[in-house]
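Paired with subunit B in one complex and with subunit C in the other, subunit A is shared by the two complexes that follow.
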Partner chain A sequence: MKTKKAFAQKENSFFWGVVALVWQALFFYLPLSFLLTTSFVKYLSSTGVSYFSFDYYLYLFQPVYGFIFMRSLLAASCTVFVTLSIAYPVAYYLALKVSDRWKNTLFALLILPFWTNFLLLVYSWYFLLENDGLVNMIFLKLGLISSPLHLMNTTGAIYFGMFYCYLPFMLLPLYSSLEKLDPRLLEASADLGASFWQTLRNIIIPLTTSGIKTGALLVFVPAFGEFVIPALLGGDRTMYVGSVITHYFLTVRNVPLGSAFTCISALVLVVFVTVIFKVFRFVFGRDSYGS
Partner chain B sequence: MARKQFSYQSLLLPIWVSMAYLFLYLPLFVLIAFSFNKVEFPYRWVGFSWRWYQELFASTEIWQAAWNSLLVGSCAVILSLVIGLLFVMWNAQRKSDYLLTYFYPNLIVPEIVFTVGLLSFFVFFNVPLGLLTLIVGHTLLGLGYTIPILHARFSTLDRNIIEASLDLGATYRQTFYKVVLPILMPALVAAGLLVFILSLDDFLIAFFCAGASAQTLPLFIFSMIRTGVSPVVNALATVMLSISGILVIAFCSLRVRARVW
Partner chain C sequence: MRSIRLKNIEKSFNGELILENINLTIPEGKFFALLGPSGCGKTTILRLIAGFETPDNGNILLGDTDITHVPINHRRINTVFQNYALFPHMNVFDNVAYSLMLKKLDEELIKSRVFKILKAVRLEHQIYKPINQLSGGQQQRVALARAIINEPEVLLLDEPLAALDVKLREQMLIELMDLQETLRTTFVYITHDQTEALTLADQMAIMNYDGRIEQIGSPREIYEFPISSFVAQFVGKMNIFRGTLHIGSKVSFVEETNLGAFEVAAGARVPWMVEGGQVLMGVRPEKIWISKKAEENFSNHLTGKVESIVYHGPATQYNVRLKNGTRIEVFEQNEEHFPKDKIDYDDHVYLHWQKENAVLLER
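Here is the complex of A and B:
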């Protein structure tokens, strides 16, 4: 500690360490407060006067916007639910059941999609979902359908795209929390006569709550603001939160209204996530016996 | 009883896992396969050809976009590593770590929210949108990752080693370059790779903050696939997947447990 201090005093590192804080304040906190301010300021071009008003928020108080929030919340919740159900057994298998030799290879195979351009992941679904795509081809060959299904530009396509693109975001945190689990605990639980499901319910899941939480947040937050997948796989037909923000900022260039909408959606997100966490804590009991 | 359930489990789980891997990789395989297809439409396999790769490497637009992406990525990596390292070292000699929480929102606030914030901020102050604004945005994103990773590594660093180095007559500068930096190197490389990948992958910040003039690879891909399928994008995807593959192998061989997820 003493050396560290001496080390730092010599190098005048106070100044340079502060650069990160300044950067963060200038380009993160300032723009965010700017966004909040803009949403409350009304500018009248006729008189050239700006004044404080709730007009943009009042304008957004319409059922249409409510439906958009509901749609995004639903899509993001479904994505969390489905990716969690797919990913949990996979992460469990990889962390606890696979020999070390295969573990690294399989883990590398999990990171690869995570490190692949998001747009390319979305694009790969074109080849499955188009009228001449793989899904229709297989279904036609099997004789399940007689004419190609229309799969692109549907809500189903958006959902599948979301499940696919966000699966790696769920897998990695689950894997790293399951990997820390002591296998001896599972043996002890089995020795004491617990069935697999009892062990899962009472040992494995409580000890990996932090991983589940991280994964759920990593999926839910970007999925809520998603705009690329609805635009590409949904054909821009249905509006999601991300599409509305893009529309206001880039298409119609109504910055104050866009700011108001962005602020409301951030609020909706925070409230929803907090409530969900509270509900889960209430339903499943306190999750503190893990930590 | 318990035995029976475990054997049932042992059969079900590998199937589930292979299905999940199939789900992850099938679309990518189809994507790669069609980059070698001779014809464009419809999506039937006709024959093998390098045609789309030739077209890809002949296109100056793609090269320009790739160059821009590399430039922005490298600048964001260097900036976020240098700023992040300086901050972590400064933070280490302070009494508490509460300043670290100052950077958590970069990971928690939805990207689209701070992106539009950044956009209206730049527009208000008449900052011309371009590669520079993009670098600012990506560095911000990068700081959210580099600071936790570097902090995790720095806090495990044995202070006695620094003391020993200073006692043995090394200057502060020598101690930094010959002792501290080599110890932090795996974390620096891992964080740098992560930021580079994030920057290369980022579409949202580029879409809002790059303006009309600066084209990056994701922006190019978006404008190409918005109108439909183009095998040149498949060829590009194959090339990018191979690069990501190499980077993943590099990252995994580093064995740094990034504390971000």
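Here is the complex of A and C:
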């Protein structure tokens, strides 16, 4: 009976595995290969011939695109750093200090605001930050400022919006990995003479690296390609990777150039993330005395 | 190696009083066992000594120093946890070296100390193995090595053998005793297993369900001279009779259901031993002599019918039903391959014991 059931389960998981694979092939790898092909194909309208070419990539080899990549990398890195700094203590507190009775309630309260539509969340900041918005109004009423602060359409507003919107993507994986942490390990560490910071450095962080990595990826990848927030809170005055892609695909409709840019940005992303993970591993990974 | 003193300790969790007025002195350099049923608060006592909890009232002294409010990481007290709590992301070496690494000692010094201690617990061939590749017994030894490497004043052990199988447990018991002999560190051993406590301890304390300490003494004192029926029945087995005391030229105990009067050798007279006092009398199963014929030369005897026989190997347990319905347990050594007068089910038997072998209990 038992083996039969196990076999059935195995078969089942095989079935769903195939479904997932087909799905991924159809809707991920296929479009990606289209994108890649398009970026290398040049069409000459005068002769009506298409041929293989590096022209789009060579065109993108300009300092201005380098700056855009740097800008997006910086914004995404800052977002990861800030959301991690905020979410880690919150998740730690929630997972290890709050009694089971309150845990779920508090967690639901934290996540609840993010059930709202993403655009709406960003737009609400627009109403808070504009010149006659709530923030300026309160500051004026309190007499802290004499004329409205210019808050909208600044880099600050973009960064602020990113921190705000990406926080739950960091919070969820951190919480789930801290939740699994055995509190007795923390007691054992203290018992052996560790201060809180030593325990954090030697036990808590190394045992929650998976949560930190997942959270960092979940925030970094979309933040790197973000275009809604720069458009709405930055007034579309500074270009980010996401803005450039939107520009080529939707505004000027230069699909091959947009494809080439997308491919490069994907490459930049992969290289950057790999390097960062290597550094992270070097700092918090095993550093054995013995071996 | 210093003593531990608990003075008027009180502790409650969520309004529930767990420990009330605990006074306990754990002598220095001794193997001390704290024995009690599950949920009696013995683990709370250990957590108070370790510093994981702070008492609501009272003081904890290490030697002459009050450590009640000293943080965990500043107490020279280390713990072997029930499920070891080894760091899963570190190998054997790093786990054991942890406390030395925190002190930022010289790398070579750490190495030599870790190698020495791992040799002492016979793990010298597992030094760089990850924790999850060790057996239960090996993990136990890592936990032990990790706790003693920093030479604590007191070592706390929270049911450390509970997860091991019987054979391994017996082996570890002996290793623990040897270790305590060599280190001369004060060991505080928490357990609900009376055999472990009796085997290991120089001194032991018995806690009851209410979180009170019933009796403190050497294993022999506790076993032979329990002060209450709780202690008597928690440590080993004890047949208990209820009745009244008669003090004449001899001290005798009259059983309340007319089983008879039994002579008792009451050594030290205590205030509750008064004429007509309601008391209990206890006789250990192995101190009763069972036979099919009545024997002379015994102070006391009873009759009954054998209800069941449990063969243990070295000994046999007879459960005998008395005429008042009480069940008495009797242990007999299996001294011979072919017992001459084999006792069987439903046999009518005589139970005898000497007056010195019964104890009087107040409650």
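Basically, the second predicted complex is superposed on the first by the 256 of 291 C-alpha atoms of A that agree within 3 Å, B and C clash if a C-alpha of one lies under 4 Å from a C-alpha of the other, contacts with A are read in each partner's own complex, and residues count from 1 in each chain.
Heads up, the rule we're going with is that a residue touches a chain if its C-beta (ideal position, glycine included) is under 8 Å from a C-beta of that chain, and two chains touch if they have at least 3 such contacts.
In this text, all values refer to a predicted model and were calculated from it rather than measured experimentally.
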item: Partner chain in contact with A:I229 - subunit B first, subunit C second, else both or neither; value: neither
item: Subunit B versus subunit C as contact partner of A:F34, first or second or both or neither; value: first
item: Partner, of subunit C and subunit B, that touches more residues belonging to subunit A; value: B
item: Which of subunit B and subunit C A:P206 touches, first, second, both or neither; value: second
item: Touching partner for A:V18 - first (subunit B), second (subunit C), both, neither; value: first
item: Touching partner for A:E187 - first (subunit B), second (subunit C), both, neither; value: second
item: Partner chain in contact with A:S195 - subunit B first, subunit C second, else both or neither; value: both
item: Touched partner set for A:F118, first subunit B, second subunit C, both or neither; value: first
item: Set intersection of subunit A contacts, subunit C complex versus subunit B complex; value: 190, 193-195
item: Parts of subunit A lying in touch with subunit B, wherever the complex brings them together; value: 1, 3-8, 10-11, 13-14, 16-21, 23-24, 27-28, 30-32, 34-35, 38, 86-87, 89-90, 92-94, 97, 104, 106-113, 115-128, 130, 132-134, 164, 167-168, 172-173, 176, 190, 193-197, 214-215, 217-218, 221-222, 224-225, 227-228, 231-232, 242, 245-246, 249-250, 255, 258-259, 262, 265-266, 269
item: Contact footprint of subunit A on subunit C as seen in their complex; value: 50-52, 71-74, 77-79, 81, 83, 85-91, 93-94, 97-99, 101-103, 107, 110-111, 114, 127-128, 146-147, 150
item: Touching residues (chain side subunit A, partner subunit C) in the complex; value: 182, 184-185, 187-195, 198, 202-203, 206-207, 286, 288-291
item: Interface residues, subunit B side, partner subunit A - complex; value: 1-2, 5-6, 9, 13-14, 16-17, 20-21, 23-28, 30-31, 34, 42-44, 83-84, 86-87, 89-93, 99, 102-103, 105-106, 108-114, 116-121, 123-124, 136-137, 139-140, 143, 147, 159, 162-163, 166, 172, 175-176, 197, 200-201, 203-204, 207-208, 217-218, 221-222, 225-226, 228-229, 233, 237, 240-241, 244-245, 247-249, 251-252, 257, 261
